[in-house]
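The same chain A turns up in both complexes below, where it pairs with chain B and then with chain C.
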Partner chain A sequence: MVSFLIRRVFYAIIMLILVSFISFLIINLPAGDFMDQKIAELEARGDKSAVARVEDYRVRYGLDKPMLTQYWIWISNFVRGDFGLSFQFERPVKELIGQRLTLSILLSLTTLTITWLIAIPLGVYSAVNQYSIGDQVITTIAFIGIGLPGFLLALLVLYVAIVILNQDVVGLFSREFQDAPWSLAKIWDLLKHLWVPALIGAVTGTAGTIRIMRGNLLDTLGQPFIEAARARGLKSRRVIWKHAVRMAITPLVIILGTEAFPGILAGNILVEVVLGLPTIGPLYINALTTQDMFMAGTVLVLIVFLLLVGNLITDLVLAWIDPRVRLE
Partner chain B sequence: MSEITDDVLVSIRNLRIRFDVRDGIVNAVDGANFTIRRGKTLGVIGESGCGKSMTAKAIMNMVPKPGVMTGEVTLYKRHVENGSQVVEEIRIDQLDKDGEEIRNIRGGVITMIFQEPMSSLTPVFTAGLHIMEAVKLHRFLPIESIGDTMTRNIQKKREVSPEEAREIAIDMLQKVGLPNAAQRVDSYPHQLSGGQRQRVMIAIALSTHPELLIADEPTTALDVSIEAQILDLMRELQETVDMAILFITHNMGVIAEMADEMVVMYMGKEVEEGSVVDIFENPKHPYTRLLLASIPEIGEKKRELATIKGMTPSPFNLPTGCVFHPRCPDFMPGKCDVVKPLLATVAKNQNARCLMYDPCWPNTAEAQAVKAKA
Partner chain C sequence: MTDAVAIPMEEKKKDAVKISQSYWSLVWWKFKRNRLAVVAAFILAGYYITCLIFPEFFAPYSKGLESDYIEARPTYPHFVDAAGSFSLRPFVYGLDEEIDVATRSRKFVVNESVKYPLYFFVEGEPYKLLGLIPAKTHFFGTDPANPDAKVFLLGTDRLGRDQFSRILFGGRISLFIGLFSVAVFLFVGVTLGAASGYYGGATDIVVMRITELLSAFPQEPLFLALGAAVPVSWPSTRVFFMVTILLALIQWGGLARQVRGLVLSGREEQYVLAARSFGASDRRIIFNHLIPATMSHVIVIATLKIPGMILLETALSFLGLGLVPPTVSWGTLLQNANTVRSISAAPWYLFVTPFILFAILAYNLLGDGLRDAMDPYSK
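On to the complex of A and B.
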């Protein structure tokens, strides 16, 4: 098990290096980088000191050097915790990402918890009572949920909340708390805002999760070991939860690692943009469109990092659930 | 086979199981009647799809949806009350399918082992956990007898503790001949071979001291040599405990080795029943004869084994008259395809469902005519 872990971590590091390199390349690919643009703009305005400042950045981050050297400077700073400068805001990337990262993680965890708390019981109910009225209602709602894009739902919620109910649901904080230091009142304000995007995310996520849970559980319930467990006189509930769900939940755990973790940063960008959330998503989109390379590169590497961490956690959880995975 | 006597453990009367499916109605079991006796082995034989497993499930009230079961399944459960033995009649077919009473019977009074040892154990549980789960539900240990011998029979019972359950698990695994039982108790199913898994299944089934063990083709998926070992094991274990076995198979050789009495099934009905000795010596039904002719005998040089021509008919399109008639070597035209044979007594304690033995039929004018023609 330990050697298995070490091997996985080793692969993950190699993967991370590769991805960071490729993302760096891609971000730098378009002709004329952010710097050229900025300098042209500043020169046109005749802002001499600003031009000098930007030239200074160019030298500091080796932007006049060959690509490989640029990458090396960036990545070696990166591992030391210096993610570079956002040229657009002229502030360190780390500073800009900091609080947004916390909020992104908080939002995702809330969404995920709501999703699973709703989806797993409904999926189990649906499978156990296949073709019952309840199953059909759940299935219909699930299909609507799968078809309904999250941003559309967000727009609908905005419309209802602002136009009809006259409620403030945009963002994650009320105006008075926006820049206030953390306090109990601010946390309470955050929670009051958080449930809207969390619920929107959960509605769209729940639908798919219900379908997956239902399908897998139906497969598992048809297996001989389920009948054998019943024949041992176990309660139906125990057979379903201890023998069947435990087997049927594996794909959800895999999704947790491959979608939910990387999704923390970029899972629901459209909804986040529509609701104007101070999370990573909108920042990332902005960085990509303005070629703010260090900002975009940092978020991309963080996404991949989360993906790899997610995979690692998935492997561990799977090994815990299913002994057959443990040996390999 | 007959009147309810003292030694009857389970009696099945007019059992029918039907499935309403899109293509029509399948009568998986079509009026079966038989009796399982205490401590004896009843063999049930028949081709694939003739309703053997469904009958077994009916005894546990576990007919899967959308199957509908009618008829009677009665368990004569023995227990001690006020120092004397009483027999309680339980109509299994009328119990709530997930109720406490049937759950106490399933896995406690009646246990079952299955055809697929590879997939009958939950992959995420160790062999030991399976046994412990059953033992915790169904085995009770006496608490120190209270009072003197007079009250010996009003003993209090308690559930086994986790440690005792584990001991029982190891002990059972030893009994079924699993090498290194003390370590194997913690093995997961995928770490065991097919034969070992079937041994574990047997250990689970016997750990609760059942009165009836239903073995549904327990060796079909195993190698011949492993099959022989498992059969030996089952016979040995049966001798040490007072337990009846319902042994389902499609192999006459296995019936000969294991069973005292036998039932031959065809398309959801029993076509012949009686003691194994009688039927092997003197099979009456043409189908039984064909099954017997298809057993290879040891030491015999390549003889053409008799095969049964044709296939079992589609359940949606059953032949008229005797359902066996398209495949029957003794087919009597004009009769077998018209009249449905009833189960008739053909010898002492031996019944067959064939118009040749129908008490009314051989004496009729048509019978004489058919005979004359033949």
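On to the complex of A and C.
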């Protein structure tokens, strides 16, 4: 187990180094330097002190040096927790991400809760009553849901809300609460907005989870230990929920680690952009469009980091549950 | 074997036909029985004929034709007019411009006193069918003799261009991107996967490490970052090809791994050993024996990949990171609807959405049907 652990951690670190370097390259690909643009803009405005300030950034982050040196400066700061500066807002990247992180986490947790609250019972019902009308309806809806792209759904929701219901669903706060300090009224207002993106995000997730849950439970229900439990006269509900579901639910651990965990940062970027949420997704897109390299690079590397950590944790949990995995 | 006698001759003949069928005709049989998948195939055929091959014919106007009707509301075809009289020939009402005093904006309202009948196969703007044959006939339109008569089934955009025509032309690009990027995806994935499985050793290690690296990236954010890296100054065709290739390049990893697995097991099959003992070259074994054996899997993966490719392009262009106007694709058309203001002022910009959704759904149904059909021996 220990050697397995060491191997996996070592592997994850190597991956992270490679991936961060490639991310840095990609983010730096666009021709023309954001700084040049910014300087030209500031000079046109005649803001001398700002020009000097921007020139100072250039030296500080080694932007006039070769790519490898730039990467080294960036990554060594990164490891120490300094993610660099957002040139667009002229504020530290860390601060900007930090401001939005809470809402991003809240959104992904809500989405996950809604998804599982809907998907697990439906999946179990579907498997227990295989081929019944209910099962067929659920399977069909789940099938359509898998193909539904969240951002198109979000656009349709916007249409219904704006044109038909004349309601405000954009963002996570009403205008009067935008800059207000936290209060019960503000939390209530947040909840009133939060369920829309969470539900949209849950649609695709639910469909996939129902399918997985149904398939696994069907496999489990056919196993001898279930029959043994039934033969001993246990109640049907107890057999299903205590014995079968417990076995069948393990693959959801994989989803938790490999999708939900990295999804905290940018689970559903497009939906967040369409609905104009103050979360990290739109921040990333904005950074990409304005070539705000440290901002975009940081978000990309952090997502990859979460993905790798999520995979690692999943592997460990699975190895702990299932000894066969360790031998590979 | 005694009960074979009990089976009547008729049944036996039927069975004989079944047994002597080739794999692909069994697949075809099974596929035909799946109604939904067949319907999906027809819907897709309709999409490709109207959008990819003949949009010039099916669209009443060309994609760039500007008119005085700026952001005009859709004019829907009617059979029964305001007075209640029925005519078999559909017609559309005229539009009147009106100034909204409250919002100080211009808008169009339906004028029920003006009727423009719709005709099929009307003369309209000249175009070149398939880029070759000069033609003037459009599938439907208003009376060419009356220059005031216009039909905007799904409204117009900021330059007064017909939204319906543009959706058809946009479909050409979007659907083509789906096909083309999947072709590149297949080529890269199958070739590298097969090479990796067949040769093993260093080739295998290198290819597999690359796929692992690719899978360490989150797909959507990576694609968006790559799309943003495509220079804005590039000509639109080059951007188009770049986006297509990027789509394929970030996704081939999974396919390569599956093909590798299939080739690894296929390599040990008797017929491959036989071919090798006859002195067949590596190339012959890979292309004539191993790759065809993976085809049923590969076709299913490819079909299910196409809708994802179309969606990624749409998303990228919608965010303004991919194709940009004047290129018309479903993504660039959706850009019109990227603000709350434009959705409330001109909700018909969202009419692209159902077109995209139906194409996606049809592809998923077709792919699902193919997956079942590719395994014709299972019940």
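Things to note:
The rule we apply is simple: the second predicted complex is superposed on the first by the 281 of 328 C-alpha atoms of A that agree within 3 Å, B and C clash if a C-alpha of one lies under 4 Å from a C-alpha of the other, contacts with A are read in each partner's own complex, and residues count from 1 in each chain.
Simple rule for what comes next: a residue touches a chain if its C-beta (ideal position, glycine included) is under 8 Å from a C-beta of that chain, and two chains touch if they have at least 3 such contacts.
These numbers were taken from a predicted model, which means no experiment stands behind them.
Superposition note: with chain A as the common reference, chain B and chain C can be accommodated side by side. Look at A:Ile141: by the touch rule set out above, it reaches neither chain B nor chain C. By the touch criterion stated above, A:Met15 is placed in contact with chain C alone, chain B being left untouched. Legend: residue contacts after superposition of the two complexes on their common chain; A:Ala296 is shown touching chain C, with no touch to chain B. Using the contact criterion defined above for the overlaid structures, shared-chain residue A:Leu316 touches neither chain B nor chain C, since it reaches no partner.
One of chain B and chain C touches more residues of chain A, and that partner is C.
Of the two partner chains placed around the shared chain by superposition, chain B is the only one that A:His243 touches, whereas chain C remains out of contact. Of the two partner chains placed by superposition, only chain C is touched by A:Leu158; chain B is not. Our summary of the superposed model lists a minimum C-alpha distance of 6 Å between chain B and chain C. Overlap of the chain B and chain C interfaces on chain A comprises no residues. Residues 60, 62, 64, 98, 103-108, 111-112, 114-116, 119-125, 130, 133-134, 137-138, 188, 190, 201, 204 of chain B are the ones that touch chain A when the two sit in their complex.
Those residues of chain C whose C-beta lies close enough to touch chain A in the complex are 212-213, 216-218, 220-222, 224-226, 228-229, 231, 233, 307, 311, 315, 318-321, 334, 337-338, 340, 343-344, 347, 350, 353, 356-357, 360-361, 363-364, 368.
Considering their complex, residues 223-225, 227-236, 243, 246-247, 321-324 of chain A touch chain B. Chain A makes touch with chain C in their complex at residues 15, 18-19, 22-23, 26-27, 29-31, 143-144, 146-149, 151-152, 155-156, 158-159, 162-163, 170, 262, 266, 269-270, 273-274, 276, 284-285, 288-289, 291, 296, 299-300, 303-304, 307-308.
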